[in-house]
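What follows is a pair of complexes built around subunit A, which joins subunit B in one and subunit C in the other.
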Partner chain A sequence: MNISLRKINAIFILKLQLFLGNLSLLMIPAMAIGYVVIFKNFFPANTVAFKALTLNMGILLNIIMGGIMFGAYPIAEEKEHHTLGVLMTSSINATEYFIGSLLPALLILTITNIILVPLNGTSWNQVSIINYLIITVICSIISILIGFTLGLFSKNQTNAGVVSLLPAAIFTLVPLFKGFSNKISHTSDFLYSGVIPRFINQSLFKHSYSWSLFEVSVLIAWFIIFSIVLFYAYRYKHFD
Partner chain B sequence: MSLISFKDVTKQVGNQSVFTNFSLDIAEHQQIGLKLMRSETDTFFSLLEEKTLPSSGSIENNTQSISIKRYNDGIYQKMTVKSYLEFFNHLTSNRQDIKQLAPDFSLGDNLTMKTDALTIDQIERLHLFRIYLTAPDLVFLESPLRDLSSDGIKFYFKALEVVRQKSTVVVISSFMEELLQLSSTIYQSVDHKLEKVSLETSQDSLKPQNIFRLSSHLDDKTIFFSPNEIDFIESINGVSNFSVNSEYFPSSLTMEELEKKLVHFGFFRCHRSYLVNLQRISELISYSKNSYTLILKNSQETLPLSRAKLDQLKDLLQ
Partner chain C sequence: MTNNPIIEVKQLYKSFGNEPALNNLDFSVEKGEIFGFLGPSGAGKTTTIKILTGQLNQDSGSATVLGSNSQHFKENIYEHIGVVTHDSGLYENLLAYNNLVTFARIFNSDKKSIDPLLKRVGLYNDRNKLVKKFSQGMKQRLILARAILNRPEILFLDEPTNGIDPGTTKEIHKLIFELRDSGTTIFLTTHNMTEATKLCDRVALLNDGKIAEIGSPQDLSLKYNKKIQFKVLLKDNESLKLNDSEETRGKINWWLENGELQTIHSCEPTLEDVFLQVTGRKLK
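Coming up: the complex of A and B.
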């Protein structure tokens, strides 16, 4: 299959315009920012634990909820408005479409992730920006892949919203509530979203973070799993 | 050499044959029209887009690119006409001046408008414009005139001529009137095969010969149907409605008047509220001793058959 950078660029520009004009989608990064700002200013408990909790919540909300919605909603919307057929018969192939749709979503989510750290009152000296970017970008990509898969199986945007809720809740809430019980903590360790709070907590509490083979394996495994799931979902459903 | 060639294509969907030994060659700059029923159109596009394979026969595609405009294709909302067109302009290596070309598609003063503010006429021309920008070898348009106003049709013809300078355009519709306006060679599906429709206009043929049309008034237009285009006629709240490819078109005639006019064209009053085209009946099902249902070809529609009409129908179908 040929992949044209020119076509990916064209889809990137188109999708970026559509995302920036879609208030329902932008509401999720805005909610993540709003959440961090509100908790920092209205609950001025300046403890490290509180900062870590607020930042974790903001990032998870943005990456998991945002990533899944940014993946699922546009595909569902295109199916609803019968615009995907136009693209697919305009010499664009599915790979170009998925890459071109992933990149603007990733850009918006990454910019939001970068904004969240200073908004939370956390210094970049405490958090390694390279590690932060690597972890958040990989987790965002996995979330968007999940979103794409859900979008393929959704008939319309309402349907996409409904089917996205459960995976979004699982991948957001399990790592967030890992402190409540050992079982939740153990489960969280095996989720790709579980890497985020581990990284934030270690960075803020221990002022250092080192990658473990287990965390790298978890991220790679989830990435491969959802790439394969998307591949077979597309082969099965196409954009019908 | 043909741009695309269908060679003895047979396609079965479920137990029904949609195409049987369907053959068609489309050469460059031909203005071909295909009169297909809705289910045939869907299958034709599925074959073209390689979403499904022929049951037998082959399709030889010699084009670099094909563009398809289905009847219900939409456009992206909340963006300007210019940015919508710029997207398609970016897809090709030969970018064109949209501002300069816009008047050819009668969209010169619409470039800064939001796409959701466009009329149906303008949207159809916008589709032609974006197809023109990608310059495909072959273009398939499904029922492009169906929802256009009379002025919109005039502008559409002008825009279509621009597209035809670069691409070969094939129009697919279930309405002969639409195909006659857009094509010079028309094929229609008869018993799942394509047959060329004679459009010769000799001196004799200029005189109308036993032309019979039924009309339906919709808003500002009148649509004419040949009896063989109508699947059945249903009386709904006292109004007779023609069912053509699962769409309903009201008639000013009563069921009794229609029955008198259509009995010679193979129509049968199967029920007080229904007149069915006998050529369309594919099955007669008896769910109980006194309940009969007619199933139509290439359609999900089922019609009731009165117990008293059963023997009469059997006689007619024998």
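Coming up: the complex of A and C.
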């Protein structure tokens, strides 16, 4: 399969235009920013625990809810308005389409993730920016892949919103509530989104973070699983 | 017209469940012609276009387009094909111009060709409007403009004027002729026999997934013109329908010589009549 950078760029610009005109989608990163700003300014408990909780919530909301919706909505919209078939009969292949669709979503989510740290009152001295970017980018990509898959199985945008809610809630809330019970904590360890609070908590409480083989394996496993699921979902659903 | 098939279909068979949608179709389309696929709803027209454009796989038989098997199209063949189907969509939240710019980027076409194209389909003054504000006719013209942006060698048009007002239909017909004259091969489906007669160099009459007849509209009309008749209107507004005979020819000559004849028409069957004769059913 040939991959054309020109075609990826065409899809990138198209999707960026559509994202920037879609207020429903932009509300999610805006909500993440709003949440962090409100908690920082109206609940000024300047404890590390409070900062970690607020930052975790903002990042998870942006990456999980945002990532899944940024993946699911546009594909559902393409199916609803019959434009996916048009792209496929215009010499765009699946790889070009998915890379071109993923990159603008990733750009918006990553800019939001970068903004969230200073808005939360956390210094970049406390959080390794390299590790932060690696973890948030990989988790965002996995969320977008999950969103793509859900979008392919959705009939329209409303349906995409409905089917996205449950996985988004699970991947957001389980890592946040991991302190409530051992079972939740154990489950969170196996979720890709569980890596985020571990990284933030260790960075803020212990002032250092080191990658574990288990965390790397969890991220790789989720990435591979959803790449394969997406491949088969696209193969059977793209011209529906 | 050269004898150079650009589409070749052999024993094409496709079924949905136990119902055959296409039943061993055989036909070819030559370069530079307008080929019409004529049949009622459910005859298999859209299924044929979907197979020819690689959107659907047949159960058996072969379909070759521009020398490539449609089951194994590589993406780059679509740089030489334009497709307009009844479910071709547009990006409704983008401007008309930006819809075309996106595809110009994909096809690596010169963006300077967009404005003349918009003028050609009568949408230049609306280029900076959101597509969701367009009427159905305007959307159809924009879809057509997008399909010809890459100057395709073959243009597939599935019922291109269905639900379109007469003015827009006329413009689309004009554009189709211009494209044919510039060398584009056009594969057109329609259930409108007047449109097929006007546009097509050759038509295939499709019924229940089978080709019942194939040929030029004129040849088919003459082939099934079993009873030669003339319709005349005389000067005193008397209208007559006469069977061909020595006597009729004599009368017509006399009316001509004496200036009694206002109009005269031959009464060969229309494509709809031919379809009815061949299949025993009406087109619509």
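Keep in mind that, in the parts below, the second predicted complex is superposed on the first by the 239 of 240 C-alpha atoms of A that agree within 3 Å, B and C clash if a C-alpha of one lies under 4 Å from a C-alpha of the other, contacts with A are read in each partner's own complex, and residues count from 1 in each chain.
The definition used in the following text is that a contact is a pair of C-beta atoms (placed from the backbone, for glycine too) under 8 Å apart; a residue touches a chain by one contact, two chains touch by 3 or more.
Treat the numbers as computed from the prediction; the structure is a model and nothing was measured.
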Simultaneous placement of subunit C and subunit B on subunit A, clash or fit
clash
What is the contact status of A:83 with respect to subunit B (first) and subunit C (second): first, second, both, or neither?
both
Determine, under the contact definition given at the top, whether A:7 touches first (subunit B), second (subunit C), both, or neither.
both
Looking at the overlay, what does A:93 touch: subunit B (first), subunit C (second), both, or neither?
second
For A:17, is the partner it touches subunit B (first), subunit C (second), both, or none of the two (neither)?
both
Between subunit B and subunit C, whom does A:37 touch in the aligned arrangement: first, second, both, or neither?
neither
Subunit C: which of 112-120, 238-246 or 256-264 bumps into subunit B?
112-120
Under the contact rule defined above, give the subunit A residues that sit at the interface with subunit B and also at the interface with subunit C.
6-7, 9-11, 13-14, 17-18, 21-22, 81-83, 85-86, 88-92
For subunit B, which residues count as touching subunit A in their complex?
49, 51, 65-70, 72-79, 83, 86-88, 90-91, 93, 127, 130, 134, 136
Please output the residues of subunit C touching subunit A within their complex, sorted ascending.
53-56, 74-79, 81, 83, 87-94, 98, 102-103, 105-108, 146
Flag every residue of subunit A that touches subunit C in the complex, lowest number first.
1-2, 6-7, 9-11, 13-14, 17-18, 21-22, 78, 81-83, 85-93, 239
If you look only at subunit A, which of its residues touch subunit B in the complex?
6-7, 9-11, 13-14, 17-18, 21-22, 81-83, 85-86, 88-92, 238, 240
